[in-house]
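Below, each structure is written out as structure tokens.
Two complexes come next, and they have one chain in common, chain A, joined by chain B in the first and chain C in the second.
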Partner chain A sequence: MHELSFHETTFEKCLKCNACTVSCPISNTTLDFGGPKHLGPELKRMMDHQEVIDDSRIELCTLCGTCDTSCPENVHVSTLTSYAKAIHAKEKGTKFRDIVLSNAELVGKLASTFAPITNMTMKIKPVRKVMQMVLGIHADRQFPSYEFSNFKRRYNKKHATTERKVAYFTGCYATYNAPDVAGSFIKVMEYNGIDVAIPEQKCCGVPMFANGQMKQGLKNAQFNTNSLLEYTRQGYDIVMTCTSCTSAFKKEYASYLKTEEAKELARHIYDADEYLRILNEEGELNTNFATINAKVGYYAPCHMKGQGIGNPAMDILELIPGFEIQDMAAGCCGQCGTFGFKEEKYPYSLELGKTMATAVEELDADYTVTECGMCKNQLDQLTNKQVKHPMQILKSAYEKVPVNS
Partner chain B sequence: MYDVIVVGQGLTGLLSAIVAKKQNKKVALVAKGTGKMLQSTGLMDLVPGSNKDFSQWMELYGLSNREKITVKDAINEFKRLTEKIGYQYVGDVDKLANIVTSSGHLKSTALYPKTITPIPEKGRVVIVGFTEIVDFQPEFLKGNLQKERPNLQIKTMSVSLGKDSQRTLTQLDAARVLDEKESREQILKQIKEKMKAESTEGVDLFIFPAALGVQQWEEVHTQFSSELKAKVTEAPGLPPNATAIRLHERLRKEAIKLGVRFYADTEVNGFSEKGTINEITIKMSNRSAKLQSYHLLICTGGILGGGLEQTAKGLKETTLHLSVNKEGSYVDLPDHVYPVGASLGTNVIHYGITGGVYSIVSSYLTNFQMEQSDMRGLQRA
Partner chain C sequence: MRPIIETEVVVIGGGVTGVGVLRDLTLRGIKAVLVEQRDFVHGTSSRNHGLLHSGARYAVRDEEAAIESYRENLILKKTVPGSVEATGGIFAKVPEDNDDYVAKWVKACAKVGIPTKEIPVAEAIKQEPYLNKQVQAVYHVPDGAVDPFTLAIDVAADAITRGAKVLTYSEVVAINKKGSAVSSVTVSNRYTGEKTDIHTNLVINAAGPWGSQVAALAEVPLKLINNKGMLTVMNHRINKQVINRLRMPGDADIFVPAHNVTIFGTTGRNVESPEDFSLDRHELEQMLKEGEALVPGVTEMRMIRAFTGSRPLYQDTDDSDSSGRNVTRGLALLDHSTRDGLDGFITITGGKLTTFRYMAEKTVDLVCEKLGVNVACTTHEEPVSHRDAKQFFKETDIAPAAKTKLFHWAGKNAKEIETSLNNETEDKIVVCECEQITWAEIKAAMPDGRFNLTDIRRRTRLGMGPCQGTFCNQRVAALAVEKGLATQEEADWALRDAVTNRVKGMGVVATGETSKQLQMMETIYKVSLGLNEEGKSNV
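Now for the complex of A and B:
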């Protein structure tokens, strides 16, 4: 585990070329942010072997990882900014609100237990005004709804018996907010003759890293690594339906934990669409889809784009007859996980989301498809199109096939 | 399985991917970093750092008169594309334009965006800097420009963007500020006030840093020239120049919208040939994956782009690890592998870059080569 003054050498390759700042969604929206170059490699260069510097401008970094993708020298900029966040949280303390927001899992557990009440309460204006005053969560920010019948109550198989075995890391969003996504994934796997097990798991840690809660985040990372390795070592593939969780396991765990175990696990992590694409390439995918006549817009989450996997959601959805899907090439959604809930970040969040909202309006498709629950939250608030997860579409494409065909 | 895999997302890579995709091919683009267009001026030169004309350029690249038409087609295709994506390029390879850079030196260029106006021989010029942008110094520009154009009457002024910033501002930041209507208005107001105070009149041309808007460049340009009652130009200099960023952002967006699959933040670390199929291994953050294609386009930008590396033993090719000669050209090029633009070796570059026009032409020609190869394949089958 890193200390706050951890040693990291990739930043030495930084040529200060500005590619990260030029590409950074926040830097392109506001001059209030110091930018990834300055708060990443430059700050690190200044601190190395010297005193730790707390720079409050780091609060505006959303850890979207676009800086990492843009760097021609392979500097892990977001690793540096995540530690700048941890330093800031340690020096300045963490707001009660940020502790709450970073504990997406705990919030999910509580909120789904009292789901009908939570969902209703979150829509009452005076309550939200009080929440803004007391907690600093913006009153106008729509919340995703919670479901009492969360995924844990619906499905809890611990072992798979088929030849191809999948262990599903559900993640907080599909567990508490969108159990239908999780359920659809299980169904899609079923149509492909693959048994799915649900390993013991905790929140992937992304909201914690984003709020400077590095210690707690790394604790979760360690827990998940131990738990999931037990599965991969028995021949399971780890599949996820949330691209931020996937990105954490593929990228962050390995570069934060810096252990052989984290690297070993990372090799077995697949995004759900990426996994289906592999099945297709190996001739194992059930391609008996019913026709779905729809014109659909695809919105690519930042954490998907950073994985270097092309566009697996579109690759798979294009296999459905009649299905017309177009990438909107729309930049960052601006919700950025917990960022868009915060009172003082809300105006930035809306500004960031403008290009996305315009792209959705211009395309004027039947509905929007995205893998990310948080992008969906912003899409729900800023556009009037319905938003679906690829797994929900695939499930209905399988289900609509006439029984005797 | 792809029809075409493009390695690199600079000018050459993006153009090649777009051209191929327009032929209804399945196209993937593999890239490490954003490509080097961000560091460029966005101007398309024939031979960078020289005044060589079109016929000298044709000779330099060993192109015959017969190929002139193809070259012109490539350029027209580029102009059509830039118009379609909302950032139109103008200019003519037969008649090079003199453009001023932010150092005040003139350079000859063939194609340039509509935000740029060539520098006249004589007339009244005002150079406007932004106090917050340290990379653009109007007095410095004036000194050098005066030497190049002794008959110009040059004045300078600095106005404020009127924004507090938490970082050192670049031309790109200023350009995004100018995308906002209120900012444009307060900047124009300052310029007019200063002109009045110094009784500056009858100005022919205003020179600004390459910062006249990103998304709204057309509005900025029109508003500035109509309110200042003069022509307006941008003088590109230290990166990031809005002139280049506009092109890069729009080409990328166009490629994504057309359906090119971007494998961002990956590196090629293996290559093999299986008959007519190329297979590359790409390294992602967590593991490696194999991608297959009929054609493989190397658009890695030569030495500057990282496709070639200067070592003690000479040049090394970094993408496929194939052998290259001392000019960096492939010695034994496998069938269906096409180096494009600066990847063809040091013979096609000057001061490290092709300059632009050659990249445009090379991307276009490669597409023909691929088509011919496909036809031969069909004939055999």
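Now for the complex of A and C:
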């Protein structure tokens, strides 16, 4: 019953102003969704000490967290909607597909082990048709490719020896799909004389929360909290290259677990660019960048925006000589983690992504920059520009510096 | 010539007592007309806790009231099931309260037959997470929550179906006599000023706190103690069951769940005027402070609004008890023929919401005696139609929350609401989000007569949630004009009336979020919509 009678009182502060619904990407795309105000604080108020109400429209919530950012009263709207998802999963059961999708880590492990085959198979049309029929994963949705040489096989240092110590929560995407991002991050840290350790870790839980798998998500959250606290208590800073993971540690863990430990840990969590920006502010950043003459568009992921940290990726990338970067401010990408893979959500996903696709086309930059692997997936599918992670650009800006300069 | 209505009995007052009397009269085949100065339950019947007493509260001090309460509690659960939520209740003893009283109370309950069961403190706290963790003893009792709005509406509707007549917004301006007997009642329509004469030989004064004024029209002296109590509505439902403090009844010791909210109170102060609905911040603060004993932190919790109502208490002897706590909660049935020498005039007062049916039974017994009618009362067995509507709305595509509300609420209107929801896209619009009310439901519940948002509120819970009508009142007013159910002028008036009322109740609890909510409401109505005191709105 834990997930149904959860204790969350911020709904009390809701003024019904609709700011969350007005800013919700889904509510702006379709009337099929009940909106964050109704499915979050409103529903919770009507259920407390009364019968549970299951509203299947909650499936359309992507847990992007834009509602949280827009709320003038600091209602934890997305915490409430994630519980509405858990209630829905409990009442109506979870599709096999959603269990698969919510286990991004397990999928990553398997898919990367058989990477060349997986990648090829996922491009075979008839196979995808069967997958749509059997699993409900849309045949036209492109999948991110998996790498056999996943990051775990490449780097597994457990301790850092430098004065500033970073423990890197790699996350599923950088581990299995984009080990180059993780590798770039290690390199960037190296250029700054910082040793990076990789703590024991499990999937941050975001795909689980998004699919109503609250119990499993909280289990992972607890595991990660315990594991990472061991590091922070030894003076490590926790840094991440996936903004959804960062958001989970900063916001969701504290809000869902409600433990002192989760709150303590949240104070030590940094997005990679945010961390570099701090280094820069404290005069510790290695700013010896080579010139990169490029005009690029920056696409800000929702989970980055929700952290309330401004725009650290742009702040850092702007330090590169010749680098011209512009924020496309183009709303939500529409991939929204596991959401965009689902057969019945696919049309919404494409509709949501239109603004972004148009912005990319209009800007016509050399390439697009974003931190989020899932935003990249949608960008890859809907635009013809290459997509890079800030760490990859920074790495190359360091590497291109002539050896003797 | 004024319109004339002929009837056997006129009932004055559309509170629960009045509608109870009306229904009982009708069931016994007596022709009756009920007149009410405003809408049903405008007075005390809507200004209360909505507590269906188990009688336990009165067991020690007022045995008779306790026995009546428990008996009626069981009857109402059976006969008006649509308006009762059998929540159960607990009595909890907090450290500062007297130990001796507990033993006395348990004994007294046993004596009058009210079942109590001690439950472990840990279990009670699990059931009621907001309950003070320091409580020392907790007993379960068969308390319940009763919705006085639906109760009165349903009881009246049942009487109307059986042939009774009701005139709302009809104020009694004269009780006319022929010799030493009542001959007719003159009522004046509050909206139009039009007067109507109702010829009758028997008038029942069920006007609650207005009882003295009504008696004065018949030139009968009647002194009532109008004991005003304040209650506050918590922003959400903080308890599953009724929470009482296990001590001699006092102020601020009951929390009653009511649908999506909890109603907490109360106080007791004698006032002169039945129209005295004034709200005092200091009184509220005292009440909240006292409430901390049962629910720590209640002072800091968000409240939607506060309201007051007066208990019409009657006692033969003079008493200077200004708190009114020592006056019996038993009913007072006064035959003014024997008391004052005026034939055809009866007053029924005192009593309680829980015992309204019994009050009606006693009154109508006396009426029957006077009219020589020999029919026994059946209201203890004959149910009014249930509000349950679970067999409906299966194929209806609306928000599950709105559907849940209809399951518990639609009652007799279920078929009509279902049809309109299934056929009219616009009827599915959830006009009131806090309470999940669709336009279909508003349409079905809208009373005849002038468009009045407050009347709609009593029948649907429109605007009873945290935003207090900030969004829904304007939507309903606009839709009503658009659909030809109200003129622009009527809608303007209704909006001003509704907003003024809501602002008053919110003002006294307006700290924290409620003050922001109030500001938002005033800004939307006064600035965005340009609604002002006299002029026209832009709605």
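We take it that the second predicted complex is superposed on the first by the 402 of 405 C-alpha atoms of A that agree within 3 Å, B and C clash if a C-alpha of one lies under 4 Å from a C-alpha of the other, contacts with A are read in each partner's own complex, and residues count from 1 in each chain.
One rule holds in what follows: a residue touches a chain if its C-beta (ideal position, glycine included) is under 8 Å from a C-beta of that chain, and two chains touch if they have at least 3 such contacts.
Treat the numbers as computed from the prediction; the structure is a model and nothing was measured.
Q: One more residue to check, A:354. First (chain B), second (chain C), both or neither?
A: The answer is neither, since A:354 touches no partner chain.
Q: Of the two partner chains, chain B (first) and chain C (second), which one does A:38 touch, if any: first, second, both, or neither?
A: It touches chain B and chain C both.
Q: Pick one for A:123: touches chain B only (first), chain C only (second), both, or neither.
A: It touches nothing on chain B or chain C.
Q: Mind working out whether A:17 is in touch with chain B, chain C, both or neither, as first, second, both or neither?
A: Both partners.
Q: Taking the superposition on A as described, I'd like to know which of chain B and chain C A:92 touches: first, second, both or neither.
A: After superposing on A, A:92 lies clear of both chain B and chain C.
Q: Once chain A of both complexes is superposed, is A:305 in touch with chain B (first), chain C (second), both, or neither?
A: After superposition on chain A, A:305 lies in contact with chain B alone.
Q: Output check: A:73 vs chain B and chain C. Expected answer is one of first, second, both, neither. What do you get?
A: The answer is both, since A:73 touches chain B and chain C.
Q: Does chain C touch more residues of chain A than chain B does, or is it the other way round?
A: Touching more residues of chain A than the other partner does is B.
Q: Would you please give the residues of chain A that touch chain B in one complex and also touch chain C in the other complex?
A: 17, 34, 38, 57, 73
Q: Chain A touches which residues of chain B in the complex?
A: 28, 32-36, 38-39, 163-170, 172-173, 176-177, 239-240, 245, 252-253, 256-257, 259, 261-266, 282, 284-287, 289, 306
Q: State the interface residues of chain A toward chain C in the complex, per the touch definition above.
A: 7, 11-17, 34, 37-38, 42-43, 45-46, 48-51, 53-57, 73
Q: Give every residue of chain A touching chain B within the complex, in rising order.
A: 17-19, 21-23, 27-28, 31-35, 38, 57, 68-74, 249-251, 254, 266-267, 269, 305-311, 314-315, 326-329
Q: Across the complex, what residues on chain C touch chain A?
A: 129, 235-240, 257, 259-260, 301-302, 399-401, 404, 433-434, 436, 465-467, 470-471, 513, 516-517, 520
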